[in-house]
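Submitted below is the structure of interest, expressed as structure tokens.
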């Protein structure tokens, strides 16, 4: 439970942000220049805000009222910077080992070899950062932070420089950190799918102020408060792994409704969080037949909200939870949708992309 | 055993000859520190471990005496020197140094190289001579002063200055200058190198070294270097 | 070779190396400290410290030597205290080393300071977030990254120490085997007729030594820079 | 028409790439460390490859056989670096104006005010780069390159640091450059949607070698050669703007088939390129009724190719062109799909996200 | 004030300022050029150039002065050519400035070189891609970014020039109003018993001037650094 309350004025920008980051991953979400890096720097102790308080329980990192300002090196933070910041005079291996040096002997540690393998940086270990590509640098930076046995991880767009496949490989690691190591993570991202997958809590920022905060499904489910617009709206559901099928699909049980996903590496009975983007949902008045889509969720319309464009967000109450569909106003009219009506949400199995699957709090792997 | 002598740097050659002779004669070690007389005197004031001081400048020896740093009755004037007028080149015409000398005319718009006329002995003596000959005022604006005699000699040697005033001992060894005249000894205070034992030194060798300095061997050595040894 | 330089000259060469080596080595930690303080801290009196460090550069060396004589000499306020502790600098090679160190100090500090200022503070921040206390940040990031400048500054100081004359001869005189360094020996030779040849030989020796040191520093600098790469 | 042929060896990496970049945008596409930046640096003249030739017609930038190696400043290239590289001692305004200084007076220029407005950096003009956020820095870097009146633009992941909304604002600018200014653009990207939207040509790289090159629709349509995997497969179609409807939709004519999109800023009759991601397509054996999806394309199955996971890529031949659908093998079996069968592709209007719409070569705006 | 220092001393102060100012200013372009060449180019003889630049630091100043006299004197190989062009250095303040410049040159070059080496070549590359030819890259990127070091090096050189004595007096003598700079005057005072008071007064003047210059350079350096910011 990290309480953050900050006020800081730059020449042309004022940060005035207050939020609480519970256990798990708190994603700071907001447009370029909205103050995300500034907040993260304040938590790391690299920026001393004019006034503010940052504390996790009785571990007080900063309290300008009581003039407590913990030095950065006493904060035990693993910070993945927006721009790598590798040590140019050290090899990749030495960069990775750097933080472990300073960590208390008793601190729980990641194994170097595991992190190296996960990040795919084995062949780079003896090089120096000068001879790495942009993405390689960022992967090493992630490894360096993870290996410092931190009490808190700060990650400022750690995956922005990576390709989709690499992202898909590294994201689960952050999930594992969240679920197993229980290190709180403050994560800056522009990407709704990253947010949905990782976030326990989302803090949406705009021009230095918190415009929304809450559980991922609440914030992402409300397009009106999403600073990045309706394109990122979607629902986050919790489901239980029912069984794995031989054809590579995993069947989930979402409040009694079956949901099919490409094989998920999770044991039966595990709880998963999945994201269904609003723009991936098709609605039908009747139960559709002969479609390639495997997932059909019946539900009742709770809310219809027209957006600024030609779109409408329709919120359904299904047995699996609240599901959002982004459809055109034309279709809504043609289908005579109204609150209370029963409709079927058609979700393509594969549209529940793996990037949107996250392990729930109790997931075992 | 060892004896430490602080000697004016212009004595360098003479001292190295003396060193060999003294060491050969007595089996003792002679340690010579060579620097400007002013630096040596100040170091002695600050407690330098000098047993003997040979100054190029009587003023500094006077100063040490006032400070009570000179052992009673050990000071004497060691050797003598002359100051000469040198000209650039190997075949410069001789001039008669006297009140009638047209030094300004000889210089033209050239410079007269001298050691610092207010503070370095050779310069002080040179200025005194020129003054007593009544020539100083006419050449003063053209004097180029240097921090030591050798630098003044160098100006003449490279032809930068047509004339210079230096010690006779310096002039003999320089091939590219000609000694064109010698300043009469009565135009300047006697050029002497006072030597003395230091009051704070209790080195038993002091007296024997001072005696050695006065001896025939040392005298010969000084003369080989162009000094005129002061008669007792 | 031994014919070429007499034993007295060899003694001066050996002494100069010894004096310069220790002058440089012993002042290096303080030089790094002062350079760091000037580069990264702000404290009252910073400009005064900066000024004092530069004094030996500004003053004629004779004046510096004289000031050293007055303070560190056996009768000086500091020198007499040191003497009570058994440390005598006056007229010893240690004093020559002190004079050389003082004269070379501004050069050393300047070079080191510039290279410390060139170290990106963002890397120091990264180090701090990884748990390194300021001293470790300094040792593991600032110092190695500033290494080319530190090497440059050290060699520069060494070269200056090899050439130092005015302050040395004024402070600790010109005593063979103790304080007669190459420049002092050259001075003595230049004071008398016929000494030029010996002086030239010593000049050649000191040029060769200092050039060797410079070349070495270039090589080290280049190797370090290559290691750090274009990052 | 830029011919690039390069061979260069680093300690642990060999680049051996040959490709031709025709007019328009050529996207270099490939995983982290595959050699994209290395190629771009060679074109810019910052890396002198061991052997190679780079030429556009008789404008030869590099020819190691004829020992031609044009200096970087003679190449008139607008390079947006992977890491901004703004001049820290200049203000944002001075950074922007920098290149114009050196450009020949006759060169066609962008207007500063237009670029500033497009990039949303007006309020930053008098600041120095040290006081900018990561995304702000990147936007200024884009502006600086655009304003240098270049004959060739190199962009190394220019949008990676930007949020979706900002990306959506800036992408059209690159399109406009491509279409109006006709400056060839070499563009490095990890993002399939950026690729689809911008690319005239795609060059797919893997481990320093070109594994595929060709028009965007061909490369993106073939998941087997996509270095980033099937997740990025999709079809790129060309369509004509038919009319704009009052409800905010634009109707396209794709080979006689109507396609509805959220309003596109393009005049009627304009040619558009649109992307339909394979995972956004649902197949149906019968023409579905009562669905919220407006776009239904009948077609014949050309090809069914099982992937490595539980998925299958089904290629349809429709009147609009080749369309790809990524469905589960289970559905394919259940629906008894086979080559030659007639099926209906259901495409959600809004799933054709604006990020996937691109102006065609003749687009007017 | 005028009582405190006699007219001769004031003359020395004014002359020292004039000599140091021109020595520094005139050698700055060459200093920047040499520093750049040493920092960024590799060419045959680079180490020799580097060595020559450093020579005045290594040699006792008297030797440097003597070498200057032999080469730049009216009869010297270079000096005679200059004399044909009407440029006479011997016994002129211009010669004093040359001596001071030569002695200060290694310090200036070292400082500038270090700060040029600290400029990120990636920014120079960016500049080149934007169409700047090497000379423009240098003028618009390298030079302004190296400015703190250039200022530092210049002031350091100025301070050194203010303190230079040995080479000056050996090369151009000690002529009031032409070549009697503050250090020459101080030296003269220190040679005679009782001259200390006058020497101390001049020392104070030169310390004040040099400290002022240092403070100025710190201020400029800080302002430049602030402009460049944490980028």
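Letters A, B, C, D and E mark the chains as written, and numbering starts fresh at 1 in each.
Heads up, the rule we're going with is that a contact is a pair of C-beta atoms (placed from the backbone, for glycine too) under 8 Å apart; a residue touches a chain by one contact, two chains touch by 3 or more.
All values derive from a computational prediction rather than experimental measurement.
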Least hop count linking subunit C to subunit D through chains in contact:
2
Among the remaining chains, which ones contact both subunit B and subunit C?
E
Every chain in contact with both subunit C and subunit E is listed here as B
If you average the CA coordinates per chain, which chain's centre is most distant from that of subunit C?
D
Highest C-beta pair count, chain pair:
A-D
Would you kindly tell me how far, in whole Å, the mean C-alpha position of subunit E lies from that of subunit D?
56
Roughly how far is subunit A from subunit E, going centre to centre by Cα mean, in whole Å?
60
When centres are defined as mean Cα positions, the distance from subunit A to subunit D in whole Å is 26
What's the distance between the Cα centroids of subunit B and subunit D, rounded to whole Å?
90
Within subunit B, the set of residues that touch 2 or more other chains is 36
By the touch definition above, subunit E meets two or more other chains at residues 62, 66, 122, 166, 187, 190, 230
So which stretches of subunit D touch two or more other chains?
131
So, with touch as defined above, which chain pairs make the list?
A-C, A-D, B-C, B-E, C-E, D-E
Seen from subunit D, its contact residues with subunit A in the complex are 10-12, 30-33, 36-38, 82-83, 123-124, 127, 131, 133-136, 139, 156-157, 160-166, 168, 190-192, 227-229, 231-232, 245, 247-249, 260, 262-263, 279-280, 282-286, 288-294, 309-311, 325-333, 335, 346, 348-351, 353-354
Contact set on subunit D toward subunit E in their complex:
44-46, 71-73, 75-79, 81, 85-89, 98-99, 101-103, 128-131, 144-145, 148, 154
Quick check: in the complex, which residue numbers of subunit B touch subunit C?
4, 6, 9-13, 31-36, 39-40, 42-43, 46-49, 148, 150, 169-174, 225-226
Can you tell me which positions in subunit E touch subunit B when the two form their complex?
62, 66, 69-70, 73-76, 90-91, 166, 169-170, 173-175, 184, 187-195
Subunit E contacts subunit D in the complex at 122-123, 125-134, 136-137, 140-141, 144-145, 147, 227-231
